[in-house]
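Note that chain A is present in both complexes that follow, paired respectively with chain B and with chain C.
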Partner chain A sequence: MMQNISKLFRNCGHRFLLPKFPMSTLESIESNPLDSELVPPSSSLAKSLNFKRKLESMPPNMEPKQAWLENLNTTDEEKISILELHPQVFGSMPRIDVIHKNVRWQTFYGRMDLHQAASRAELPGGGRKPWPQKGLGRARHGSNRSPLFYNGGKSHGPRAPKSYFYMLPYDLRILGLTTTLSVKLAQDDLHIVESLDIPTDDQQYIEELVQTRMWGPSVLFVDEQDVMPENITKATENIGHFNLMPAYGLNVFSMLKHDTLVLTLAALNRIEHQLLLNIHRNKNGKHQFRYMPSHH
Partner chain B sequence: MAVNRNVVDRALAVLRTLPRVSLYNLKDHEHRKKRSARGQHGGGTHGHGKKFRQNYLPLGFESGNTPFHLRFGMEKYYKRYRLEREYPPVSLLMLQKMIDTNRLDTTQPIDLSSICNSGVYSMNINFNHHGVNLTDEEGFDQFCAKINIEVQWASEGAIAAIERNGGVITTSYYDPLCLHAVTDPARFFLKGDPIPKRMIPPEDAIEYYSSADNRGYLADPEKVSLARLALAQKYGYELPKIEDDPDYTMLTMRKDPRQIFYGLEPGWVVSLKDKAILKPKDKELLEYYRT
Partner chain C sequence: MSLQVLGRTLAYAARRSALSVQPARNASYLGSTVVDPLKKYPDVEVSRDPAEWRFVERLLPMKTVPAPRSTTETLPSGWRPTNPKSLNEPYFIGRSRNHQPSVYLKIKERGFQKFTIVKFITGDIWRLKEDLSKRIEERLGLKHGIHVNEMYGKLVITGDVYNVVMEFYDEKGF
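For the complex of A and B:
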């Protein structure tokens, strides 16, 4: 029976197989930052290290993008090492139309239009014939709430509630994220830091940091988890244009709303992994990736 | 996405010199079609102008007393369309590519399950798709894999290309109920249904699947070996001897005419959760699923 089972899994196991790219183009990796146990090196230690990242499913014809790994524990910028970023996530074609589609979708799908105009049936009165049908030389009318009348009802007016909900195609949402990340990197608006740990919970510290590094004015800090370090939470609490966000909440609108995007190394790994998974996932004939409205 | 990397890098380089992309300078492609004017003030001639060429009828205008649907005889182009079986094609080139990109394992027999699980081939049972049609229009010369493949339809050239390389090909029929199981085994096993018994082909297909020339799964094996020899002579290649092949057991693996998965018999229930196989014991069931 064991033999049968092994055959069975052979038959049904290939669904999520990634195409195998030759991995010879990659350098040998000493450390895998995806491991949760491996803490990114502290700034003093890491100066001598070239902190390498393993880029998964790397196409052979592409070269990785690069970015500095920076610190947050001093207001002055300290470049710790160079990071390699995946070109399919951080070097995709800057399609402004795709970004526009994503922003439009994000602003529209939750919108509920409550504008309503009263029809002739909803207005009070209007049951009496305003004047006799014949003999006055005036046009014939049966109700003073007719749409022709001043103060009459509105025909084909807006009817509430009107939903603007629609779903952008799945691949376009993925492409929107990669495009926006690429644009941010290309315009020097993307910064990668070790972690969001800052020495004080002073508001002035983070303001000074942003000013000396010429970030912002508005900055979006993205960490992997939704429980943020205490200091940065307190320091940014009363500043409306410095915002914290977990990696799972990253979206096109917020990235564009803020001038500068700051990712932690853990968030970077998480975002890159998730996006690559969705880029390379075999979606052939799989309906769970498509939004299917229920039939009424 | 096949884009020129040079173009992408240049576009990203240009973007460095441009103002920051933000919510306020986004723009979509201009693809909106202008709607022709309607209503009291904007409507009117709908692009036909005023007073000229008024003798011509607008396009699509139906004149006369005989209605359109009675004026012409009925031409049923799609008369038997819903009844006819379709076989979405896979060319030899595509098959070779699937093997080269590790989507198909040549050390095991290839059947409809493994082709569907490759993720490159898609078929819809609701559209009367009945499986793979292996064609030789592309990749007849390039095909170089030694495989044991089972397809649902095959051209003569495709059969020759497989057998020239020392492979084995069979054409076999699956009824729609079995196709649901074969095309997505994982989903089928999650349902917890017993593996169905494969039905015999319908009347108009039984000739195809019992013909040795088509390597039908119901054909006489002796006639098939003769047909293999005849085809080798016709196409002018030397038929490799399967008996001397190190992969002899793999190449001679065949499904029973009632069987749809290798190693699993009809009537068995596969539990993916417990990783166990349940076999029927009831006499009536055994009688029903007997091959």
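For the complex of A and C:
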């Protein structure tokens, strides 16, 4: 576990500690005998090494993170191109405390406790004084259902409905998403594909694909829009641990629940753009307005 | 109605509807002008012309503060862009979302508690702590406590050493 944490630290956004990934050509990759086994010679690697992503508002001290662009149309993986990812989204410090806060928030904000213990007023009876005040040598009581009595009411018990709703600060939620994405990339659990189109709607195909590529037992496929290609929808319908999700549904809990996260290129663009916009956004109303009429 | 006035009106309406509506102040029922029949007012013309929309767009608020155009020269306001030589340091102090240096002075307890905070630090933060500690001792003759938060990339220095830190900051060119 400590090895994993140190691996996360090593992969953070600053350029000094990060070993430089050779952003090089086909020749240098194939010259290494071990690497050429991973990249089949018949792959389409040659055709789109120039696949460039435009990274918005790059800080001067940070270098982009890198990931493979893979395919889904064959069981065996084909590395199509190297993609550059923004370091503020995919290379941020692994804030485990922030991840915990997000997971806790997601677990609790919808929670509603409905259990209730009856108080002395809600129990039947208990209106009459059980025995006279004086003369019997017994303790003085006013009601059979007081909390002191066996089968009496509960004075400070659970009172329904009890809500656990709260909103985590917006910036913490943004940070949760960026941290979790960074963690997923650092731990080799993030894969980027061109699209979610698969050749058949056979369930076995997708199961074999995940098995061959040694993706985790559970996989979360994320596309930009909420209408998915027909084949993958049918193939994953009866598998509980392969789930399809639109980009707007991306959340920390789901990303941690599923071992592997698979993003389409469109989803990646959307997620990165939205997160960067909100990281750099100035939410102070006064500063937003370029033109302020005098009567404001 | 000129295009500019039209644009301003539409932008104002868009902003106004997004903000909360203020109640009318110092107004009374009898003192207000009566609303005339609708026919008396000019017709509303709905336009979908992109040329006209441009005048609306340029008045809408900006979501992010764009990076200043100058990347080499200090602007008349005193704002200085990041010097590329600062990237050779073992650490880097990033800027805020408004492209301002991330060095802040925090004053609490009616002026008795003062901290200087440096944020958005990447790289060897421990080295930065030592360098700043030395610089503060040189300038002020006293050692100041520095708290390092590696996870946040933040340094908290006890005392008001803002000017010393800013001198160091400008020297390095972050």
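To be clear about the criterion, the second predicted complex is superposed on the first by the 235 of 296 C-alpha atoms of A that agree within 3 Å, B and C clash if a C-alpha of one lies under 4 Å from a C-alpha of the other, contacts with A are read in each partner's own complex, and residues count from 1 in each chain.
As a working rule, a residue touches a chain if its C-beta (ideal position, glycine included) is under 8 Å from a C-beta of that chain, and two chains touch if they have at least 3 such contacts.
Everything numeric in this text was worked out from a predicted model, so none of it was measured.
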Partner chain in contact with A:Ser57 - chain B first, chain C second, else both or neither: second
Partner chain in contact with A:Leu256 - chain B first, chain C second, else both or neither: first
More chain A residues in contact [chain B versus chain C]: B
Contacts of A:Met93 with chain B and chain C, given as first, second, both or neither: both
First, second, both or neither for A:Arg128, with chain B first and chain C second: neither
Chain B versus chain C as contact partner of A:His280, first or second or both or neither: second
Intersection of chain A interface sets (partners chain B, chain C): 12-15, 17, 61-62, 93, 97, 282
Residues of chain B that touch chain A when the two form their complex: 1, 3, 5, 7-9, 11-13, 15-16, 18, 20-23, 26-29, 101-103, 105, 108, 113-114, 117-122, 124, 184-186, 189, 261-264, 270, 275-277
In the complex with chain A, residue positions of chain C that touch it: 8, 11-12, 15, 59, 61-65, 67, 82, 84, 87, 90, 92, 94-95, 97-98, 122-124, 151-153
Chain A residues touching chain C - in the complex, by the definition given at the top: 12-17, 57, 59-62, 93, 95, 97, 277, 279-282, 287-291, 293
List of chain A residues in touch with chain B within their complex: 1, 3-5, 7-8, 10-15, 17, 19-20, 61-62, 91-94, 96-97, 99-101, 103-104, 182-183, 186-189, 253, 256-257, 259, 282, 284-285
